[in-house]
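Chain nomenclature is as follows: A, B, C, D, E, F, G, H, I, J, K and L, assigned in order of appearance, with residue numbering initiated at 1 for each chain independently.
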């Protein structure tokens, strides 16, 4: 990481498929309004269990860092 | 929580009355600019002590999660 | 989550395949005796390394929340 | 606390009114099946926000300790 | 907080009524010997359960900061 | 640890003699109702001080893992 | 801190010179878009090492609190 | 623990013999100036290694709680 | 785990594909110089975001335990 | 550290200049009443931001250990 | 501790007898290859339970610091 | 950080002058035996107090990451 200033925001993404897909979904949604995303940190991994005892979706909390342009 | 993407922001609210009122004040202020708030998590509980040794106000740090609309 | 009371139990599940499969195995085993499971939180991710330096199995600690019926 | 052995279980209670009421609701529900409860420790304080931006209910995670009878 | 030096002490207060009352009781007791208390931080919230399964008292650990006079 | 599913429970044991004895007392009490205990993790070490300033008993919080039979 | 509501954001600042300069650079960048900053909390201190084994820059994560105007 | 107010102080005790002896030594020293000690919590366990690679002494950090008299 | 002595080292592995692949890559690299690896613990999960907002690689911090031979 | 008993107190020091100066100011103030200070541990680094967006002062929380004389 | 540079390594030691013996066994094994060990910090205390519900061995994770010679 | 594998080691450096100088001293010592150091993370900041109540030296614990060559 270079000498820029970054801002970190905290997102919660989800997916019925996997932890990785839940992270990707959060980043895909975030790119609508945020530019210059550089890295993420997964801080929580959770999930929802359906009435038939299968996993409805995986849910991850991610901190995403992006460059603040000068 | 459904399969949406959420953003979490961190607020500090205060009240002379109680911890609960301090949380409510933070949410009441936040609703001026944020829609679709869904849940909160209290991460710190502090307070200010006056010169007469009574509690001037309670001060809570809350993380508030809200849905990012598609 | 509604206004019910929940109980959280702590399980350790494992799988030779992936983190997600280890979580699923824990829940599949738990459903034999527990009803109304609603969510889980992954608190530890570990694994066992075999003599040939491959991963024998993934091992996750999960807290599972379920509704206490009235 | 005397020289007994205790078990600690983790509950999530909720109430529309206050943090204290959410703790009480968890204990009230637990006493249906558990005897000799001695103390509790609040480990998480969260809540649900309604569509009108008011707090739907407070939700606390409590560890409850009870004596294992000899 | 200004450029003074502060000392923080750790107290445990209790009350049969509420978390807030337990904090106030700790500060009321502390003011007998400590001057210039400025703020507090709640670090633990616990309680005692009576034989009839009601809460005997709430018990909070608070760190209290006070100005060291020059 | 093999590919079984385990459950972890949290116990508080005590002994007037030592930390080790407090752990053993917790396990001895638990074996009355739990089979297939495999490991423990000490998460808290505390104790009670008597009026003559000697240690009345050591008190440990242990998480105990046991195999869930298929 | 008075009875206002505050928001806390998380920034990563850097400087080739010192930890203090890295914090200042983050705040200097933030003031372009944020008003009423009141305090900061350093949560991580890291740095980048160059090929000649000198420190390329210090990098701090800071949470910055600012007043939300009524 | 009853409805008193307690103060907790942090001590570091040591002993060439054992963790338990290090805790006892801290309490024995503290009783010279502190009355009504009720409980302790071990927060750190460390030790010093001598030039011959034996353990010179065990060193524990303990928080000690004592009743503040009315 | 038997009565051997183990050493734990901390590695950072990465992969464009998944968290599991990043762990495997770390272990594959480590086996060039380390024998008798027995288990690992994932302590951090992060990743790098490319200019097109896709995930360049997953990056995990793992502690790896291996037997010290007698 | 030798086999003495130590007490640790928690101070908050501040300085307009640097983190190091804030620590020194806390120790300079503490020496008016405390003897035999041996070491310190910085547990929090914070600061105050002025209306012109410069740093008014750095504020550190330090635990200071000192020997209890026999 | 003087102005040297130290390295800290993480070991897991075990003993059928006690926590202290498990620490000693780790250090005894480490001295075969490491010189100038100065201190240790116990970070985890665990153990293995045998089929007859007795403790097979205590297992401690220790960080050991040693001087890097100039 | 690219797709290499890194190893992280834990060092304790010290300096009579500043936190930054203590980090630099640790890295300067480490480069005698370690190549390809890339980043560091400060995990503890402590110091030694002299008999005249001045700071003898600053002491930092740093984790240093370096590339494992293929």
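By definition in this document, a residue touches a chain if its C-beta (ideal position, glycine included) is under 8 Å from a C-beta of that chain, and two chains touch if they have at least 3 such contacts.
It should be emphasised that the depicted structure is a prediction, and the values quoted were computed from it without experimental measurement.
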Chain C to chain H, fewest steps along touching chains: 2
Length of the line joining the C-alpha centres of chain H and chain I, rounded to whole Å: 38
Approximate Å spacing (C-alpha centroids) for the pair chain E, chain J: 22
Shared interface positions of chain E, touching two or more other chains: 9-10, 18-19, 48
Chain-to-chain touches, reported pairwise for every pair that qualifies: A-B, A-C, A-G, A-I, B-D, B-E, B-G, C-D, C-F, C-I, D-E, D-F, E-H, E-J, F-H, F-K, G-J, G-L, H-J, H-K, I-K, I-L, J-L, K-L
Contact set on chain B toward chain G in their complex: 9-16, 25-26, 29-30, 48, 57, 59, 61
Of all residues in chain L, those that touch chain J in their complex: 18-19, 44-49, 53-55, 58
Touching residues (chain side chain A, partner chain G) in the complex: 1-10, 63, 65, 68, 70
Chain L-facing residues of chain J, complex: 18-20, 23-24, 27-28, 31, 37-42, 64
